[in-house]
Amino acid sequence: MARRAVQTALIHLTLIVVVLLVGFPLLFALIKATQTGAAVNSANVIPSTHLWDNLVSAWNGAKLGLYIRNSFVVAVGITVLKVITSSLAAMVLVYFRIPAKSLLFTLILLTLMLPTDLLVVALFDLVNKLGWANTYQAVIVPFAASATGIFLLRQHFMNIPGSLLDAARIDGAGPFRFLLSVLVPLSWNTIGALTLIQFIYGWEQYLWPLIIIRDSSHQVIQVGLKSLIGQASGQTDWGMVMAGTLVAILPPVIMFTLLGRQFSKGFVLSESK
Amino acid sequence: MDNLAVFKNRWLALLMLLPTLVVLGVFLYYPALETLRLSLYRANFVFQTETFVGLSQFRQLLTDPSYYQSLLQTVIFCALVVALGLAFGLSLAILVNQPIRGAAVYRSLLLYPYALSPAIAGTLWLFMFNPEVGLVNNILRSLFGIAPRWLDNPILAFGLVTFAAVWKNLGYNLAFYIAALQNLPGELLEAAALDGATPWQRFRHVILPLLSPITFFLIFVNLTYAIFDTFSLVDILTAGGPTLGKTGITTFLIYRVYQDGFQNFQTGFAAAQAILMLAMVGAITALQFRAGRGINYGA
Amino acid sequence: MKSKALTAAISVVLGAGVMAQSVTVEFWHTFGDPKRGGWIQAKADAFNKANPNIKVVPTFKGSYPDILQAATLAARQGKPPALVQMYEIGSQFALDSGIFQPVGGIGTLDTSDYIKPVLNYYTINGKVNSIPFNSSSPVLYYNKDLMTKAGLDPNKPPMTYGELTAACAKVAAANLGVKCFGVSLNGWFFEQWMAQQGALLANNSNGRKGRATEVLLTSEPAKKIVSWLKDMNDKGYYTYTGKLEDWDGSDAIFTDAKVVFHITSTADIVNIGDAAKKTGFQMGVGMLPIADGVKRNGVVIGGASLWISKGIPKEQAEAARDFALFMTGTENMAEWHKLTGYYPVRVSAVEVLRKEGWLKEDAPQLVAFNQLLQTTPNEATAGALIGPFQQVRRIVEEAIQKVFSGTSVDAALTEAKTKADAALKEYNASVK
């Protein structure tokens, strides 16, 4: 009994130390967001009183409110489209009898090795030609499909027992009925997990919006934040940047909190039956 | 597997696959091909000039000692980020997965760095590790009287960048390992315990192998992260420096691509580097999948 | 000449009368902080009020390279912003991009009021290319309290390398727990020190009489600069954060009173002054210390200017020019200077400041003023026109870092020259 108590105490202690170490930079950012001027880029960790001012600067002066709204549009758009297209594609790859299935799956998986960031120049030319420069669709549509999503959903579908499938077939259900009333209800965890990952992916977009979006009415938060960090001497209001950081981190953290449980349950990569 | 493929409507299948294929084809494959074409030209994106130079840019890269130095640095960096990321992720996941109170709280607190933008993460570390007035050295100076040159000692700078990169991705690894641990089949573990296996033996011979699919997946994800997504972090924290040998010690391959592509506007040259990187990643991925063929993903 | 001006004036008035619809002028700039960004917005608002048919829309666009990239992309989409703030070293690139038109070519431009060395920088091929906006040059900031503690006279800052080295010897001897001299490891300072010695940075008269094909990094003046920096570093007098171009990091070292002497832009006088007050030490400002045995040649103007895009309707170009002239007019420049520390580049603005008593004997800003006004306008101080300037700057910085870690000055600079010349060659080959 005592050994258990000691063990538990040790675990708590370790975790607290680790949390402090891992979480320190955020605490640092929090303190810095309350400071202003030169105190921010110094060792001073005494909280000051400028948090509200910095937040107001960041929200209004640096238009963070606008950027956050745009990032929401983009992140949600990307997430919804990815979930839909991945579900449809995964369903085909598992439940349809078509030729060259392996080839198609391989072609889809190969795109995991084509990171958008390396292709932005070519992508710019293309999107420009489509007339989509500076629009929401320019930052959403190129990411509307997801090899990761297809991979995970396919895995998940393959783990669903065949008995359920037979039952639905006896009912005479067509593919869409099957998808919506059988597969989806069984896949909430995976979908939830996918939603979380893709939302954060969409939220973190930086290089592509930087290139294709030219005015702030459509610009996203990561570009907005980074652009506050000036290159030359003294051009950066670091207190405002720190405050902006705290605001920008909230939506992903909220998503984590909301979807955390789905995430835990949504990744069954091996037969756990 | 085949007994699952019950629907036969090919046109419907095509329709359902179409969005994915179109998006991937138009927005990934096509630009990749275009990048391949660009790599054969000396091009300046801003000036809109293009001169065919064939494979000379590839030749230039493959005969440049500084390119090989960047390559070596990238390989070491990636290996460390993957190894440390997975090791820390798994250890913390095991700790957090213990039946203790407040596990959910610990978990949330450990996840957040993942949500920080790399540029901001870099900024925070830059402030904290300023050798003269940064918080870390202030503490070290008062406790031990030392003030390491974090940003211009090559080994320290490399280490700093590595740790910052691992730190930032910790939440991702942690989340996946926690999920995997919670989905482990309880019966197998109980059986092993009943057999008299020690916790360590249980870990090594039961848990670890059961985690291999997720580990495999995480290796791939962390590798991609280390190779492609760490640019902003490195840019802010060390700007690719400090200089050691032929180039900066934290000038990794992706940093060169950005420098040449977006600061020096040598578009064709950057495209050539991108193609080389894609080829390398392709080779690694192929090897990984071949090695992982034995791993049971189910069905 | 007079009739030409009259004709121009009449056509402008007539044109303005004909203009029924409003002209929008998009102005892209790099000031994201509320103080400077807010000032620009206020000026735009005032201008818009006074000119009801013009609408100036200032937008903070990020750093200078971001703006350059965005402007060229916008031009390729056929919708360039009318007015763009571009940093001085981007001048050759901006010229080569072909998306800007020389300001001097839009109607007539009266340049008599500008301080000569500043105008010199932005005049290319006889035409004034852009309108100077936020101009600066490096000065020496020093901590008077620490100087006194080290036994130095706080009213006699070092003026040469030798004097600074000697001062540092005293600081080291005083064992104050601080470093003596700091400056961000940035190629800008190297370029300034070259100009101070009257040395050219690039061939073909600093790239002004013909395209630059060589960066003169192995000249004697170049070696002098780097040797001195090496000496200061070897002796433990010099400090920086370790990261290249870390302006704010080096500023922080000074404002936290961890270094006695600090060199950075005069544009930070207000910010650094405020920070020094908060930390609680007396700050002084002196001229940039120069190499020994050379007559003080002067500084190259730093900062940025306002460029006008090509291919936009004439009314838009003229509106853009008018706003640029308004924002950089006498009263506004004096105000801008008081707010930030950037030079008021107009002679009349300097006069206004003097009359207001702003430039009293001991005003820190006066140092920067005198330094600029005493600059000899010649090829060296006109500044270099180099296409891949950012790249060259980085090469210089890496060379200095290598010297710090043990490479010989000659070897490092020779290697740097090879790299820089190669970059130039590559760049020149890619220009249309």
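Just so it is clear, A, B and C label the chains in written order, and each chain counts residues from 1 on its own.
Methods note: contacts are C-beta pairs under 8 Å (C-beta built on N, C-alpha and C of every residue); 3 or more make two chains touch, one makes a residue touch a chain.
Everything quoted here is computed from the prediction, not taken from an experiment.
Novice: Mind naming the chain pair that shares the most C-beta pairs in contact?
Specialist: A-B
Novice: Farthest chain from chain A, going by the mean of C-alpha atoms per chain?
Specialist: C
Novice: Please compute the C-alpha centroid of chain A, do the same for chain B, then give the distance between them in whole Å.
Specialist: 16
Novice: Find the geometric centre of each of chain B and chain C from their Cα atoms only, then give the gap between the two centres in Å, rounded to an integer.
Specialist: 38
Novice: What residues in chain A touch two or more of the other chains?
Specialist: 41-43, 226, 229
Novice: Would you give the residues of chain C that are in contact with at least 2 other chains, written as numbers and ranges?
Specialist: 65, 69, 76, 245, 249, 252, 256
Novice: Pull out every residue in chain B that's touching 2 or more other chains.
Specialist: Counting only residues that touch two or more other chains, chain B contributes 130, 133.
Novice: Quick check: in the complex, which residue numbers of chain C touch chain B?
Specialist: Residue list for chain C touching chain B: 65, 68-69, 72, 76, 93, 96-98, 179, 239-246, 249, 252-253, 256, 258-259, 388, 390-391, 398, 401-402, 404-405, 423, 426, 429-432.
Novice: Can you name the residues of chain A that touch chain C in the complex?
Specialist: Listed in rising order, the residues of chain A that touch chain C are 37-39, 41-43, 57, 61-62, 124, 128, 133, 210-211, 214-216, 223, 226-238, 240.
Novice: With touch defined as at the start, can you tell me which chain C residues reach chain A in the complex?
Specialist: So the residues of chain C touching chain A come out as 30-38, 59-66, 69-70, 73-74, 76-77, 87, 184, 245, 247-249, 251-252, 255-256, 264-265, 267-268, 271-272, 274-275, 278-279.
Novice: Provide the residue numbers of chain B that touch chain C in the complex, in ascending order.
Specialist: Chain B reaches chain C through residues 42-44, 46-49, 51, 126, 130-133, 149-153, 157, 237-239, 241-244, 248, 262-266, 269.
Novice: Which residues of chain A touch chain B once you look at their complex with the stated criterion?
Specialist: 8, 11-12, 14-15, 18-19, 22-23, 25-26, 28-29, 32, 40-43, 45, 84-86, 88-89, 91-92, 94-98, 104, 107-108, 111-119, 121-123, 125-126, 141-145, 147, 150, 155, 157-159, 162, 165, 169, 175, 178, 193, 200, 203-204, 206, 221-222, 225-226, 229, 241, 245, 248-249, 252-253, 256-257, 260, 263-273
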